[in-house]
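Chain nomenclature is as follows: A, B, C and D, assigned in order of appearance, with residue numbering initiated at 1 for each chain independently.
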């Protein structure tokens, strides 16, 4: 039971990342009709907002300490971050420690801006172009973004730890009489994702702006006939989708050290998630994200792997996502909740 | 023309007067081997990952190559050329020819690496190829060099197969391997963690992972450890939580992570997040082991590496003369200490150049003869031998652990023990290295 | 293509005019030089056989992306519409009630109406619309697309009235409706006429349209073949036979 | 069947000339000049141009004609390679049986995948093919190691049985041949400062490229090709008229899978190694990019797209700082360093950046891909010539 609870938690955690990216992809696709291959890059940019802030708060005053030597035998240059210089060790260290949560505040405007610029500068010209062209241009953009990040930050992963309070794990199982410790930050990540996902849904459901966007997604032309400039709203939605991906990226950094190609690692899986969920369906994208995350976690359990090995299917964890995708798409023509006629041509 | 040979063509083209035909891959009338240098210079091919996850490691290798070339051509402070036991290198290039180089991107993919190596051989006339940051690539390029008739000096490749079942006469490996990691680590682990341990292995699900896991398991079991489980993880895994979670209740008290690069960083991070290191199991502290460490990669795991044991080929903090000379010239030129990948590629370049000098030729067969059984010292690893039978270097292996109180961002690992060479040696026909044949050196005919 | 001169009473000023409109769906040339004039408060019936270009003309006037106007001018109450996008034209006072009603999926009846009142100028209040169509009021929380055909038509018309419009474009308001419902819609349209809203109505059922309209224009293969009063059409046997099949 | 039209004949002839003269055309710069870096006329790259050309032509038969976007074509390439290498290991080093098996196995594999995937259309089809290919990749990389040699890739070894080959006494690995003609044989022709290489393997690939191209022209112009185009424009209407389009699309899928298998087989024939990463989604994506970049649905475009990407991958990645310094050494030091610093972002390890920028520029400004660029240049040239003619006419009249 403990093991199952843990794998459910793992699945929800993995699913959170898939769901957040897939949600953004679907928002963009549903509003603008654009297949955005640069979405993974936006996720990565979010993570690098946290890395940048980390670098920024670590900018240091250099003093030379002749009593110590560096690896070449020269006097050691001692670095004191300016935040410690200015605010004293207590506040300074706290700022450095709380870098990831602080990065959220920075990431929101930055990602909204990036999304806005991207949509106005590039994507806008591709509304009426074939999907293949959209894929190519956004893929090109993704490469450019990645390479620029690589040129700046290198190719190696950069550790971006969570605040000290959240290091370690918490016995979640104890709440229901089991024994299952789960890392704090992963719990936070799941809670945060759930919050973001429900905020997006609430925003669409309960605000006028959201109503217009929903209407625009359903019938862009008619909304225009009612005097509404839907393009302007969709641009904002693009910004929001970018911000969602970015926040997913920021919060992901303590889980796995970010690197420049982390976006590509997620991109393909996220597309699978979106399609399994059904093109154009937001609830579909989210539920498929969690579903695949949980199935992936279960498939990596030794018992499950052993069972499938008996069925002559060794290493089920290697292929589970794709296998599930095939089964879902063959049994449900448009994924879990897809709409008829959306990208079926 | 009944037989479409090169010579035939050369004759015809010569009579036609279109110019002299020069086959590239094969024996030319002038030289007996591929890409024999004709002018005042000789070209080496540095084939390293410049894109993809190992790009930083590749960049460090490239820095070391450039430094080696500088030293060979008489520039800089000479680095390890001054401490190298063989004194045939004088700083006037190789055999009097100025050393030039071309670079390429392996992308850490066999296909791309071979394409890049081929272009160096076919287009740029490289007479030796070196580099690589993964075993798959090393073995693929080694095979190519064997076919093309050039020498391959492997860079960072740790799989037993490189000098085991996939060994080739034209290929040479300075770097250590999975077996050596196991042999070096096991006694240290026994001394620190005791004889009565239950190990749980997480292993990257491909050949390198398998060979390393096999080596570590054999070595630790010989010391009395018990292997509870070995779980294979897909290469593409980024989140190892679902593999780490079951370790908690498996009864194991040691987790061995047979992962490298991004996989290693992510699996180690997950393991630490799940609080494995704070656990007490069977009345013992739970421990994590990362058999193959790379300082560059260990940095990516941040704080999580502290106190974790592993092995490495070389580390910049070593205090022998060779290491000091190398760290000094590398550090002066680039401002930070070299990685083990940089060290091994630098040494390989010097060893190749030295072998050319000693044999008096660039002919792969001559170079190979000079390298086989070559004993040397002063290159940072103590007395070393290139074994003739499998072209594997035998030398001391470093057991390291993540440093608790680093003084700088490079100060990630500390050397806890230098395992003597005798302890990591194995017979040529050891079952983990069996199958495959070295073949004969191929000069490209 | 005959371009019949406008023979309406010269005393009333022209409120809406479309002049020599040429519009394309991609490569296909659909609207081939159509000109229309409508006076304020007047109802114009746009008639013609299937494929004559009636719907396309309305869509072109409403400035939807398809068909794209390559040439021509459109003026409504001294505002040039030909350079506008659909939403700008809508803000300038155009409302199109499309043939298939286009009730928006996923939105309630009320939301469908609210959507029309997001941008200015705002017309009838929701209460007034519910007064006109009590059935919509009863179903205000229901999803719009679950309504019956007639109710959807009411919703579409209501949505147009929710905006302060200068020109109403009605595309096939009776299509696919049961005779009982047709009567009801007819009543509504008469009501709209009493309001004095300038209207262009496209209708397959020419007789029904002509009962309502002041004037009529007949289209054929993308051009205007007749323009005159509704009475003239009803009296001209040949015209009815040639172009309207009635 | 209808005969091949004059225009198509001209295109085919054009491709044949280019392929024949590639060693000259691709080596425009003298060997010793700094620009020699841009020469692409060496055997390996020329082989790759031809092989990826075949791959892209095949992909275009599916995507360009029917509009079905497969994201899993690399799987067929990989399967073709593995089949070929196995033939080299088991039978002999002759490439003919290897190629035959590659095409057959890839054909069967694509029949299976196509049969299942074509039950869906649009993006659902794309993801199904992607899923199959990714599964193939994952399995080839680990579980199927006995068959594929996993990470390392399948290579020939000295111990292979090779039942049809004479016993190997040289102690060296045997080389791939076509009835004794070695694929790696190259002879070089030196003309002044130029060094041109003629490689047997390349010419074999070029012959296959021409055959593949010819076949694709025939398919494009055949009633079958018309049918496929109809599928692209309106599948529903075809279904309403009672025509079952599935057999046609499946045929197109299998044909393009066989093309990929041939390409994979040729790749292994030129260089007897088959690696799993040949089947990864990035490899499939590359095929898609090649086709779109060159011009979807055009005959020549995919070949150009393939050449474009392979050129960047192999040429730009090799321009390192030293090379750059070599080019700009004539400048004052400060300026030289600045220029090298800027350029090094785009070359060597930054070649991906250049590639990404080129992708974007081409899609933004040439919606029809490189082919549109070509036709624009062609039109501009014609117009300019026309203008010139007109101008010269007017000037002559003026003079009179």
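Some notes on this structure:
Rule of thumb we're sticking to: contacts are C-beta pairs under 8 Å (C-beta built on N, C-alpha and C of every residue); 3 or more make two chains touch, one makes a residue touch a chain.
From a predicted model like this one, the values you see are computed outputs, not experimental measurements.
Any chain touching chain B that also touches chain C appears here: A.
Ranked by separation of Cα centres from chain B, the top chain is C. In terms of their C-alpha centroids, the spacing between chain A and chain C amounts to 47 Å. Chain C and chain D have Cα centroids lying 55 Å from one another.
Centroids of chain A and chain D (each the mean of its C-alpha atoms) stand 34 Å apart. Residue positions of chain D touching 2 or more other chains: 138, 142-143, 352. In chain A, the residues touching two or more other chains are 315, 318.
Among all residues of chain C, none touch two or more other chains.
Pairs of chains meeting the touch criterion: A-B, A-C, A-D, B-D. Listing the residues of chain A that touch chain C in their complex gives 208, 211-212, 214-215, 218-219, 221-230. Only residues 39, 42-45, 48, 138, 141-143, 145, 149-153, 155, 157-159, 170-173, 175, 180-181, 184-191, 195, 197, 200, 271, 273, 275, 277-278, 313-314, 317-318, 320, 322, 348-349, 351-352 of chain D touch chain B when the two sit together in their complex. Contact residues on chain B toward chain A in their complex (touch as defined above): 51-57, 59, 205, 229, 231-234, 236, 238-239, 241-243, 245-246, 248-249, 262, 265-266, 269-270, 273-275, 278, 296-297, 299-304, 316-317, 327-328, 331-332, 337, 407-408, 410-411. Across the interface of their complex, chain B is touched by residues 2-3, 6-7, 10-11, 13-14, 17, 68, 70-72, 76, 150, 154-159, 161, 167-169, 179, 181-183, 185-186, 255-257, 259, 261-262, 265-266, 296-298, 300-302, 305, 315, 317-318 of chain A. For chain C in complex with chain A, the residues that touch the partner chain are 62, 64-65, 85-88, 90-91, 95-96, 98, 102, 104-107, 111, 114-116, 118-120, 159, 163.
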